[in-house]
Amino acid sequence: MTEFHGVFPYLISPIDAGGNIRKTTLARLCEDLLTAGVHGVAPLGSTGEFAYLNASQRAKIVEVVVDSVGGRVPVLAGVAAASTSSAIEQALRYQSIGADGIIAVLETYFPLNEQQTESFFRSVADKIDIPMVIYTNPAYQRSILTIDTILRLADHPRISYLKDASHNTGNLFSIVNRGEGRMKVFAASTHIPCLVMQIGGSGWMAGPACLAPRMSVQLYEHCRDQRWDEALSLQRKLWPLNELFVKYNMAACIKAGLQMRGYDVGDPLHPQQSLTPDQSKELSNLLGYLD
Amino acid sequence: MTEFHGVFPYLISPIDAGGNIRKTTLARLCEDLLTAGVHGVAPLGSTGEFAYLNASQRAKIVEVVVDSVGGRVPVLAGVAAASTSSAIEQALRYQSIGADGIIAVLETYFPLNEQQTESFFRSVADKIDIPMVIYTNPAYQRSILTIDTILRLADHPRISYLKDASHNTGNLFSIVNRGEGRMKVFAASTHIPCLVMQIGGSGWMAGPACLAPRMSVQLYEHCRDQRWDEALSLQRKLWPLNELFVKYNMAACIKAGLQMRGYDVGDPLHPQQSLTPDQSKELSNLLGYLD
Amino acid sequence: MTEFHGVFPYLISPIDAGGNIRKTTLARLCEDLLTAGVHGVAPLGSTGEFAYLNASQRAKIVEVVVDSVGGRVPVLAGVAAASTSSAIEQALRYQSIGADGIIAVLETYFPLNEQQTESFFRSVADKIDIPMVIYTNPAYQRSILTIDTILRLADHPRISYLKDASHNTGNLFSIVNRGEGRMKVFAASTHIPCLVMQIGGSGWMAGPACLAPRMSVQLYEHCRDQRWDEALSLQRKLWPLNELFVKYNMAACIKAGLQMRGYDVGDPLHPQQSLTPDQSKELSNLLGYLD
Amino acid sequence: MTEFHGVFPYLISPIDAGGNIRKTTLARLCEDLLTAGVHGVAPLGSTGEFAYLNASQRAKIVEVVVDSVGGRVPVLAGVAAASTSSAIEQALRYQSIGADGIIAVLETYFPLNEQQTESFFRSVADKIDIPMVIYTNPAYQRSILTIDTILRLADHPRISYLKDASHNTGNLFSIVNRGEGRMKVFAASTHIPCLVMQIGGSGWMAGPACLAPRMSVQLYEHCRDQRWDEALSLQRKLWPLNELFVKYNMAACIKAGLQMRGYDVGDPLHPQQSLTPDQSKELSNLLGYLD
């Protein structure tokens, strides 16, 4: 498989009231995203409400997605744990289901030092045969990965991607420059994707791409072809979607938007709540404009 | 059963390299703590590394503790989850195993507002038949429980205890005063236990009590009998233990200390690490002094 | 002069629309506080809006207070600066005006390390002949004073007091215990004053004492005489005042309260704003209850 | 005067041991920067250690800079205060000295709400006849300016520039897009300047430009001419300078670098400290590479 690149929508996790995965809905969403041209899909990210799902729900979602995609594009499954042993268990399970890579999130309860954090990612990577994307999100984590550590981790044969959900685009620039490309970077929706592409990024992994997959792919192509004027012009149109998802609960936004688009994905998982009527209106106006 | 009160050691979780619970060690620890006079035990707290255990390990620990204690004192089992459904599942399971109450921790990924936070605790309490202790720890949580909300929750027939791991003793004073005793408060090791007792607290739930159970019980008795001079004098002796556990990783400290005391509890779970030799020395000196 | 101890009200800074100090009002407030029995007064603290005053307004306030007090109790003047040279300049000026001690606040713009922070306090103390109180307030400062550093500073002949505005009463306990009394501690209104007294504190410096000086002095006397039951009972009555001042803008609260009590102190300095009518009502109810 | 745009080096404040401004050094620095082609200069910014200077030192620095520049480029003087009255006093003084604009920093002691923050900037702008640049730096401020407030402020005839020292380039994109150019944005060294230019920025105000003025001007010209490839290539060369200044104390870095370049600017003001020998070496290596 060639290098991961391009637009990876973070998939929502459609769950019914009994806690079962709505397989048909999820499969149809995958199919439609692939038709729109996305370069891969990422189940079990933040947008996928991983923190609210149990082990069997998580595995079932990876199964449905791997089956639906059928090898046409890479499937990168989210692995999130506080303990190394749980992360390894999840990673091996998704690998055996057929995921093409994992996106590793270190959850922390007690604060960890740099060395412990590095050891977590390295220990998981040692056990798997598929590539690992390291996920960093300073707002939600109590562990710190310095640029030096990230570049040391890039020497591991299974680690060569970083997905960063901070606002700090300068850090990505430093990582790309100093690493001379050994660590490939993906933006989250907190960055301006077309700028991350310009400084050497590989693409973006983000929830909003579920709602505007065609425009996202077109934006990526402009970036790839270095047509920065067209890219920036399209980026301006898409940016309000990112603004909205940073402002409200991410999963609530994407689930509401997909529901408006005819996917019966249900509500965000309790104690999270659906968008208020005013927030829904705001999203609805935006989607109308993007159609 | 009468009201919960007194000293509840937070139990460590002894796990072997294969991920199995060391039942004999855990049972012996419970037995010794009961002999020392503790008023209850609390498996699956922070000290119990709940965030690093899977569902079956957690249940097994509650089983071993409930069996060992055999009804002599209350067992309060930690329930920690981001989703309401998982919290309910854990709570019902521990209730059916025989726990006398639960200590509920709301893990958060996406930030929650006050109403969502309240709804989480209320939804869990609605489903159980045993009392719930609400656990607050502002440093490790992204959800906020105001005093007003805490006092509203105290009206629920299953909720009448709060265990607080902030440094803010003034907040506990406000809760006791304004709630006129409807919400009983327990200190964590971040507070000075004998002062929390003095403003109307019911006791403390803390890891350090595993290592100094007799002195902890004696301190409680001084407080109960309002012998504040003796209490404070004993508190001064015990305080360095709290200082140490706030300074280093809590679970690493208690596990190291118990190991020194002859309990084969093993290391903290990866990616956490054991105390360094210098930190061990510091703990060892302290324990010698407390013996 | 004997050791500083007891209740030191933080004085507000009454300023008219033209930026002039309302001398008569300030003098009358001092007189009334002394009549009520306070053990000292502290101009230019947070309550005194030091950050909103220029150098000549600050000096004028110290002059008025020193004149009014006339040596009957100690006057501790606030010195607040980011640069060591400005702190020294203020300290020498207030010393020459006749202040009996200074309360030193380190303002920070660029973050400082421990050594730089220690050097600031030491450099100022080296230049003065009157005692220095170190003021710590982690919420408003970007410099950290560890307990070790605080105790090292206590070896300086001019430094033997700490006034702490954190919520962390445990830290004060550690400082008193480890320092064996070399560093005397004063509580701010974030702590529960009578508990700080009990663990060995010397008193409290706080804005609320402006509004309830008699009860504050009575509380201090109960503490001094180790009548903890009476102390705690009075503390319960006074605590809502502390709650209110932590909740709203401190200076706005005290100025509004003094205005209700007949002192024409004016509004907090712009861009701060006066209490809203609802907040005023809340304060007014409380004051009625305390009268 | 036309619109402010381009590269504005933040000037350091060279002070001798007696607290006097080293006028010759400051004048020579201005002259050399102008020769290098900078589009303006900014005394009394963070790099200029404004928080460590008294009122007369600040005014003297503005005088020296205005005299040296002699109207060839705009001089934007930093105004920093917690009180509105002090900010107005500073602004009027620098305006009368001949500054072409001010950069307004709201210092906060007590936290301020949105309305109070807006009122501060508006009250200062009402009093002056020269343009105001609003400066935002979330890491160092306890007041929050939302995008909505910033755009409301842009309707004031004296306010049409924002200088932002956060890492959040996405916010600048939102401000430029939503404001349709009413609020012009300047980057600080925390952003990647050439990317801020690309999304519609007007330039950057930053300390590092003191040390690499020619390359900074060349970078600006590439951006202005939309030669993004050349711009990004030059940006890669310059970025390590930004990395260094974010890592260490900003003023210490620029002062050390200028000293290496032959300007006798002295040390950062106490309690700040000079770079350590290792840090100096790191800076020296970098400067050699940039020469």
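A few comments on the model shown:
Order as written gives the chain letters A, B, C and D; numbering starts at 1 within each chain.
Definition applied: a contact is a pair of C-beta atoms (placed from the backbone, for glycine too) under 8 Å apart; a residue touches a chain by one contact, two chains touch by 3 or more.
Being a predicted model, the structure only gives us computed values, none of them experimental.
Each step here moves to a touching chain, and the least such steps from subunit A to subunit C number 2. One simple way to say how far apart two chains are is to compare their mean CA positions; for subunit B and subunit D this gives 51 Å.
Separating the centre of subunit A from that of subunit B, both taken as means of CA atoms, is a distance of 36 Å.
Inter-chain contacts, as defined above, occur between A-B, A-D, B-C, C-D.
If you check the complex, the residues on subunit A that touch subunit D are 166-171, 173-174, 177, 190-192, 195, 198-199, 228, 232, 236, 239, 242-243, 246. Interface of subunit A with subunit B (complex): residues 19, 46, 49-55, 82-86, 89, 106-107, 109-110, 112, 116-117, 119-120, 123, 140, 142, 249-251, 269-273.
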